[in-house]
Each structure stands twice: as C-alpha cells, then as structure tokens.
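Shared chain: chain A. Partners: chain B in the first complex, chain C in the second.
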Partner chain A sequence: MSAAPAAMPAAKTHAKRRAIAPSKGRRPWTFYALTALFVFYVLALYGPMICIYILSFQDVRGGLVFPMKGFSLHWFVDLFTQVRTGDVKGAFSRSIKLAILVTAITVVVSFLSAMAFRRRFPGDNIVFALMIGSLVAPGLVLGIGVGLMFNFLGIDTSWWGSALGAQLSWTLPFGVLVMFAVMSRFNPAWEEAAYDLGATRWQTIRLVIVPVLAPGLVAVALFGFTLSYDEFARTLQTAGPQNTLPLEIWSMTMNVTSPSLYALGTVTTVISFLVIGISLGTIVLMQKRRGQRAPMH
Partner chain B sequence: MRLSKPVVSWLYVAPLVLVLIPFFVVPIVVVLIASVFDTDGFGGLIPTFTLSNYLNVFTSTLTFNLYYETIKFTVLTWIFTLLLGFFIAYYLVFHVKNQLLAIGLFLLCTVPFWTSNIIRMISWIPLLGKEGLINTALIKIGLIHEPLGFLLYSSFAVVVAYVHQLTIFMIVPIFNSMVRIDKRVIEAAVDAGASRFDILRLIVIPLSKSGIALGTIFVVAIVMGDFFVTKVMSGGGSASVVGAFYEDIGVLQYPGAAASAVVLTVILMTSVALILRTVDIRKEITS
Partner chain C sequence: MAIQRGAIELAGLTKSYDGVTPVVQGVNLKIPDGAYCCFLGPSGCGKTTILRMIAGHEDPTDGEILIGGENVVGLPPVERGTAMMFQSYALFPHLSVRDNIAFALRVRGQDKAERYRLTDAMIEKVRLTELRDRLPGQLSGGQQQRVALARAAITEPRVLLLDEPLSALDEQLRIQMRSELRRMQRELGITFIHVTHSQLEAIALADIVVVMEKGQIKQSGAARDVYAAPKDRYVAEFLGGQNVFSGRVGTVNGDRIVLQASEMKQVAIPLCGARVKQGDAIDVAVRRDDINLLRPGATLAGDTSSLASRVMGIEYQGNFVKVMLDPVGSDEFVAYVPERTFFHDPLDIGDVVMAAWPADHARLLA
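Here is the complex of A and B:
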C-alpha cells in the first residue's frame, strides 16, 4: 500500500465497488483466503477420522500409527471375539436399543412441547429456563445426581432406567429447540382452516400438523438417536453394571492399545452414517412425494 | 369440550416437565444436599449440615489450579471455534454464490457432528503422535530433526481436540443468523461507500450477535462440563474441574465432589445467564 500512494484513491474506490456484493465481477482477495480456510477446516475435520478408518484395516502386525502394516479384517474379528476388549457386542446392542427408546420419546415429547410453546402460557418462562438449565448443566454433575437419587430411593441404576432418564434430560431440550426452528416455518392458517372445516384437535394434529412437520420430526429423531448413541458424561454414573458403547470405548482408550480401538471407531461411524443416510433419505423421499402430490390439489 | 388455552398448553408441555423434574431438578437438589453432608469415608453419607466441604473447595490451591486450567481451555477453545465458525459461516453465506453449493458445503461441515465424539478425539493420535503423520512428514522434508513432543498429550492436543469437536456448534447458529441478514442492507452500505471491513464491523457482526451468543453458550457449557478430552489428550498432564470430582467419586468422596460440582454448576449457570441477557434466544429460534 505505502509503495504507491498516488494510486491509492483509485484502487480504493475500485475495491469498494467489488466489496462484498456477491454477484459482481472479480472475486475479492478475501474469497481466496476464506476458501483456503474452509478447505483447511474440512481437511482437519475429516482427515484424522479417515486415518483411523484406514488404520483399522491393518493385519495382526498393525500398530497405532502409520505406516500401514498389511491389510486384513483381523482387528474387527479381534474386537468382537477377544475378552480383553470387553463386551463390545452387548454394549452395541444396548446402545442401539437405548438410542431407539430415547429417539421415540424425544420425538413425541419435543413435538408436544413445541406445540405448547407456540403461544405464551403462564409459567412458560420457567419451563424454558428449566430446559436451558438442563441443556447446559455439566453432564457428569447430573449423572452423579441421578445416581445418588436412585441410591437414596433404593433403586438399582440401569441403562434402561436411570441412564434413559439422564439422557432424556439432554436430548429433550435439544429436540425442543430444533422443533422451535421447525415450527417457526409452520403457517398457523392451515391449522385454523382445519378447525374451520370442523376437524377435532386430534384430527388436526394427525392429518394436518404432523404430515406438514414430518421432515422436521425426522430431523429431531436424528438428533435424538445420535445424541443418545454418543452420550457419555450423563451415562457414566447412571448406566449401572452393563456398559453402553461410549462407556466401552472410554474403557478401551484407557487399556487397549491396539487397532481394535480404531476398528470400533470404524464400526460405530458406519452405524452413524447409516442412521444419517436413512434420515436424509426419508426427508428427501417425503419432499419428493409431497412435490408429486401438490399439483393435484 | 373446549379446554382453556393455558390448560391445553400445560397438557402439551407436561411430558417435558415430567422428565425434567425427576432427571434435572431433583438430581441437582440431591447434589446440593449431598454437598452439605458429611462422609463416613466409605461412600456412606452422614446427614448433618456442614460447610466444611465448601471450605475445602475454596481453601485448596488445587481448586484454583483446576479452575485456571479449565478456564484456560475454555477461553482458548472459545476463541478458536469463534474465529473459525464465524469466518466459515461468513464464507458460506457471503462468498459462495451458488446457494445449493452453499447448503452442500454446510452439510459437509455438519456430518461429523453425528459421529462419535470420542472416536473423533482418538483419531488425532495417529496424526499428532511422536511417530505420527505430522512429525514424520516434518522430519522427511527436513524441517525438524527430532519429533515435536508438544503435539500430542499436551495442552495443544487438548485445544485441537476441542476445536475439532465444537466448531460446528459455532458454525450452525452463526450461519443461521447470517443467512437472515437482508442482502439489500449490504448493497446499500456498498453503495454508500462502506469498505468491506466496515460492512463486517458495522453490519455483519452486530446482526450475527445472537448466533455468536448461542454458539458461545454451547462451547462454554461443553468445555467446562467435560473431563474426558482433557484427561485423554493431555496424557494426564492437565486436570479439569470435572475430572477432579470424577476422581473423588472413584474413591467414594461424594460430599467433596458434590460441593465442587455445585460450585462449578453455579459458575456455569451464571455465565450462561449473563450471555442470555444479551440476546433473546427464544425469539431468535422461533422467528
């Protein structure tokens, strides 16, 4: 800049013209800088994960770092057969069952709560504050509280009891917040039209509101499933004697130093991607069918 | 039969309240009660009223070190996730011209959110380790002769893992606020002669404030409430507040852990309440 003071004013107006406006002429330098930043971010986001997926396919000589030693499914077999890696198979099935349970409850309860929050009602701020509190409270603190509470009540902690409740205290606020965003795009006129045509409240929910919001409900389900399937801090003190998968992975990070750990990472990621795929597929399918049906009305 | 509107609302919200009371309110109260009890040293609680647990928390230098470490990681993670999140959202909203491409790139950023956090953290080990990819590469190109030790099992690794996990919590709300900025406002500013930096400073940042606040709440709450990343990625070199009371529970020191938990929860809730005063998130999400 200091090199050509005379050229400055001209260059400055030039830059101003280009400025931020997205659709005019040559890209500003910030475009290239931010593209570089974005590429760097995506590489850093996916790179490490891809590394461990690759490393999980080593053969028996495999170690925790590159270079890759051989190629086999040895560590996957090892994961599910070795005693020292713990009860991975059981943890898997428990985690998936628990996640399905959490998902179902989260979808229904979040939907109902979002219905309530569409208009103000006495005490709504208290319920909202409770929700935010539950969302941001340190997970382990809540977990300890739930554990101690079950202890006082003389009930044994279990993954389908205390851990289910502890996870809901995290997935429900999340689900309701997502539902708020979904609901904000719902036009209340459709609901009023249904009432005007003589529909009961239940008919209106079943035939108008739920079908219109269905893609959003799938998104809430995806949140519920993933947040439960990965939940760690709240489950740690509440799962009881039988571990869920994240707890199993945690104990493995402490005492397993073989690519089995990476194999487990690959397997859980495959499941995550399956769930994402199914959810997105369902949403796309719903939108498509809706698009086809629309002209007929 | 027509029920009155508040009754209907309460019926709708009842299931949520019926979960939050036993699994949020009561557990917090239980922790609060346990924090003023005495311990018999074997995991049993003696129901008395004592403030000695709090006295221990506030007088121990360990507490200050723990909070120092935790706050250090929180602030560092917050700065990096905010910078990354803000500029990535800015890039997607204002620089990517094709809207479909922008949505695609946005989804690309969010996919890892749906995969296991623990696995994502572990995945840094083959990269950052002494024999990891980065050290090997740096040695090969002759930049260094000895592997860099600070990459893994260090504060650096802790921050990397947190930023890797949490940037998404900044990108999504900030993106959401930025998308809603009326492009005509920016065009008008350009026409009025504003520089790109002025636009960023006077329009984009103020209008993204609520997104920044929401992202900040998530990042601060998660880092302050976490102990797993600090424990694994620092290799035992750093401790965290939550990590310390997890150890206390391991040796059945429930009242001490509970007192520490109450202090942390109060600090966290106060911070969140302060952030929430700057922005009405309910309005933000629903409008």
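Here is the complex of A and C:
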C-alpha cells in the first residue's frame, strides 16, 4: 500500500522525460554507434556483390578484375548466345521451373500440415522432430544420400526428380515452420463462425482460411522459391546430367574466364530481387487492404 | 403450432471431455420461445459448454436438446435454426462489414443482388450504414458487436446464442450495448441465450436467470426471484446484495426459529414452511439494503432483529453508501445505506452501531 504513492511521482517524471526527449532532437551516442555498425554491415554485405555487378557491364575488352574497361551490355548478350560458356539459358529455365515446382509443393504441403497441426494427434511430436531433423542435416551429405538411393533403386537422377526431392527436404520444414507462426495468429473461432453460418468445410477453407492466411502463404512461397532457386549443396549430387543455375555458375567459375560470369551473377540477382519485391509487395498490399486486424482475445 | 419454434428443452444434458469428470452433469431446463435467458456462473462452471452444445459446436455425452420440440443432437447449426455470437465476435478480418453480414447468404448460394438487398436492410437495422465498407479492424468494440449480431441474425434463426457478448467492451459501452441487445431481442422476437459471469448483466437483461456451479444448475427463475430469494448460500453470494450468516437452530417456536451463532443473540428467522429441528446447521440471508444502522441506545421498531456491530469501512457508491461492518464469524457483514440517510448522521470508521432489520425479511437458505 505505502509503495504506491511513493512510486507515482517517479513514474510521472519518467513519462515526462520520455515525452520531451524526441522534440529536443538529441539522440544518444549509442544511436550513432549502432548506425555506423549497420552501415558497415550493409557495405560488407553488398560491397563484394556490387563489384561483380559493375564489372559485368564492361565492353568486349573487359577482364575479370578492376579497372573497368568500357561500358556495354556485351557480356549479357554473350551469356545467352555463346555456347562455349555452357548451357546458361537451359540451366536458367530449368532452375525457374524447378523453383516454381518446389514453391507450389511447399505451399500446398505446408498449408495442409499447418491445418493438421491445429489439433494434437498421436505422434505429432515425433513428426515435428523428424521434420526439424531434416532441416539440420548437412545438405551435401543429404544430397549424396539421395543420389545413392536413386542409384540403388535404379532410377536415373534428374533435376525434376531426385533434385526436386532433395530440395523439398530443405524447403518443406522451412515452409511448415513459417506456417506454424502464421497459424498461431489464426483464431479458431473464425472457422467455427463459418460453420455456424452454414459454410461447408470446403467453403470455409476457400472463403475464410485461405484468404486470412494469404500473406503467410505468400511468405512461404517466397521462401520456397528463393531457397530452391539458389540451392546448391543438395542439388549437386542429385541434379543428374542437366545442371541447374547454381551448378552452372559453379562449373563456370572453373572454366570461364570472361565477365559473362559476372553478367550471370547480375541477372540472377535481379531475378531474386524481383521475386522478393513482388512477394513483399503482395503482402503489403494485402495488409493495407485489410487495415488493422481485429483485436483477438 | 403446438410447440413454439424457439422453445428449448434440455433433458439430462451431460458432457464430459475425458469420460471421467463431467463438465456439465444432468442439466434439465425449459426455456420458452422468445425468452431472454442468461446462464450465470464463474468461469469453468459449464455454462459456455451448454451454449456450445445447443449451438451444435459440441456434442453432448448424454441427454437431449430439443428446439421447437425436435431433438437436434447431431444436427449442424444451420439445421437447428440457431446462430451464435462468439466471445470475441470472430468477425472475418478480410471481409468488409457488408460481406461479413452477407456471409451466411453467400454460402447458401444466394445471388449477389438479393444477398446485398437483405444485408443492407439488416445493416440499417443495426445502424451501421455508414460503416458498410469498413473492415472489422477499423471498427470500435461496440460497432464490431453490432456487426456480429447482424451477421448472426441475418439467417433469421429461431435461437440466438451469445457467448459473453459484452466482455470485450469497456464499462460504459457495456451498459449501452446491454440495452441494445435487449432492444434487438424484442425487435427480432426470438429466443436469446446469453452466457455471462456478470450478475449485473444477467439480472438487467434476463427473463430467466440460470445460476450454475460445477456443471449443475443451482437455481433458475425470473431475475427478481433469483436475486431476492436465493435458494442457497452459493446463489446468494454469487448474485450479491445479501449477507449470509451461518449458525445453528436454537429453538423452534411456531413459524419462527432462533438462530444461534457465536456473535449473535436471539435473531429470529421466519421458517416459511422449511422443516428444521433444534441444533441443525443453517444459513440465513439478509439483504444488505434491508439493514438499518442505528446509534446505540436508539429505540428499535417492533419485530426487528438486531445485532451490535462496528463500522470497519465506508465506501461511497453515489446513490448509496456501502458500510462494511464487523464480520460475523467468517461471514462478511455489509449494509447498503441510502445516501441521504447516511449523510443525515454520517458514521465514522470505528463507530459502534446497531444493525437492525425487519425480522421477517431474513431468509432461511437451503
């Protein structure tokens, strides 16, 4: 009882200080220290890549190191026309197709497993642990294992078969984890309300569950696509005779000594950013349209 | 029609989740068509489970639920003709007010023009026309409640089930929405079943109050009967407004008994047909607003019971003053004194008083 009146003036001055601080416009030194740290981080992150992007725009005399020689799109054209750099076009289209396939399967399976995990069922802990297990398994070893197994079964490895499977072992646990986080904000009463109002199970999924979870599903799709698009370790031993794009880039680093390698780096980065941009844009648009969420209890 | 369509009968209704401990046990109740019925009890007493069983969101372990004379156990909500308003309203966050209310018509395959015509009429009824295109997240608590009500009512159910409909609102809004619920119930003319843990809400709204404890009905009846004539200590304490004393029967003489308790002498209690004998343990209730506080030495009116006590605390409540008196045994002892009466001769903490009440206003509890 006696503590309450004593604590009150302290709380009041504290509130006052907090209210006044921003209007003075003075920030503590820690703000600048942390800003500097973050700027350094971004530079360290993008600096090496920016070098590659810049060097990919050289003209025909261009080499693999600075200084920059001329400015043209020569190496981009070279990338898609010259045969000696390998089958970039084919690898690119295979990677995109594979990523789309992986994305579709990841979204559907993650959604269904999140629906299943809404209620407890016998062995749910084991299923969950096994799933996380495949996430921590070393990718290269897992890829070799998949390759061996296909070999043992007498099935040819291929990017659309064994590599798809190996990549799913990586994207599915991620997708399911994201869906779990999304589902934790799903109010089960929405489903009951739909049932109460006469919706069939299918109508409930189509008109309530999927639209409500849509931003989460887009996030899962984004994960699936980017994880697959630049997956290397699991794909290396499972892609079969035809390379995916990351494998192609890797083999190019071995035998291509022209800036077309850099041009390839620039193109794949642009694609990645486009996918991320479109996904995030979609989510932002959905959230905006939806406004603030109804408070939950 | 012999049996009215919105009349409800619960017969031996029992629910157990694990097969061992019943959450609801053997509930029997009749609710007439068009009544406003409140289930009242603390959390975990099974009131929400009963509501959900009537709604068709849970299946009873045993017993029958009759709506309009027909056993509805096993039927989906739509075939029962019930609609439920959920505790946090469960409005669909991605749909506008209009589409939320139109949802039931949409899943029934009604065409857009007809659907919106009916919806807009309902929106008018709950006064939400200006907010028609808003999303639930952009509405206040009270507005959300109106949307939830409209969404449930659009299917013209014969029974509307409300799960703690006012608990998400702040105090002032709660009182305002309370009267709005009652207005809507009169307008729609259908049976409302409302679950609450607030006795104020229950007695303000209900035609029938059902007081529950541990899965069983303790007492049911008109709000005034339950409030003014509680059957036992539990009901009296839950509804409030009563002092409950326990003691033993001293002597029985005619239609009165004398209560014997450590701090009381010669308190006479009307018997009202109850059968007790000397030495029986009994509970007695005296309404807090029946108690007059007199200065020591004042003359008592005839046929008055009284008790010497001391003022322990005073709370001003606006229209009355709550005076906490020395507890009788372990039982709280409180008097509600009308404001004007109190300030005519204000008491202070520590003052010795005579607490007196008309002898025949005391009630013997079961």
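Assume the second predicted complex is superposed on the first by the 261 of 297 C-alpha atoms of A that agree within 3 Å, B and C clash if a C-alpha of one lies under 4 Å from a C-alpha of the other, contacts with A are read in each partner's own complex, and residues count from 1 in each chain.
In the analysis below, a contact is a pair of C-beta atoms (placed from the backbone, for glycine too) under 8 Å apart; a residue touches a chain by one contact, two chains touch by 3 or more.
Keep in mind the model is a prediction, meaning the values are calculated, not measured.
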**OP:** Would you sort A:P211 into first (chain B), second (chain C), both or neither based on which partner it touches?
**Re:** second
**OP:** Figure out whether A:M149 sits in contact with chain B (first) or chain C (second), or with both, or with neither.
**Re:** first
**OP:** In the overlay, work out which of chain B or chain C sits against more residues of chain A.
**Re:** B
Original post:
Taking the superposition as given, does A:A233 touch the first partner, chain B, the second, chain C, both, or neither?
Top reply: first
**OP:** Once the structures are superposed on A, label A:P138 by its partner contacts, choosing first (chain B), second (chain C), both or neither.
**Re:** first
**OP:** Name the contact category of A:R26: first (chain B only), second (chain C only), both, or neither.
**Re:** neither
Original post:
With the two structures laid over each other on chain A, which partner does A:L45 touch: chain B (first), chain C (second), both, or neither?
Top reply: first
Subject >> Set intersection of chain A contacts, chain C complex versus chain B complex >> reply: none
Subject >> Residues of chain C touching chain A in the complex >> reply: 55-57, 76-78, 82-84, 86-94, 103-104, 106-108, 134-138, 144, 151-152, 155, 168
Subject >> Sites on chain B touched by chain A in the complex >> reply: 5-6, 8-13, 15-17, 19-20, 22-31, 34, 84, 87-88, 90-92, 94-95, 97, 105, 108-109, 111-120, 122-127, 129, 131-133, 136, 164, 167, 183, 186-187, 190, 193-196, 199, 217, 221, 224-228, 232, 242, 245-246, 249, 254, 257-258, 261, 264-265, 268-269, 272, 276, 281-282, 285-287
**OP:** Sort out for me which residues of chain A touch chain B in the complex.
**Re:** 15-17, 19-23, 27-28, 30-31, 34-35, 37-38, 41-42, 44-49, 51-52, 55, 64-66, 105, 108-110, 112-113, 115-117, 119, 121-124, 127-128, 130-142, 144-146, 148-149, 152, 165-166, 168-169, 172, 176-177, 180-181, 183-184, 222, 226, 229-230, 232-233, 236-237, 246, 249-250, 253, 261-262, 264-265, 268-269, 272-273, 275-276
**OP:** Would you pull the chain A residues touching chain C in the complex into a rising list?
**Re:** 187, 189-190, 192-200, 203, 207-208, 211-212, 214, 290-297
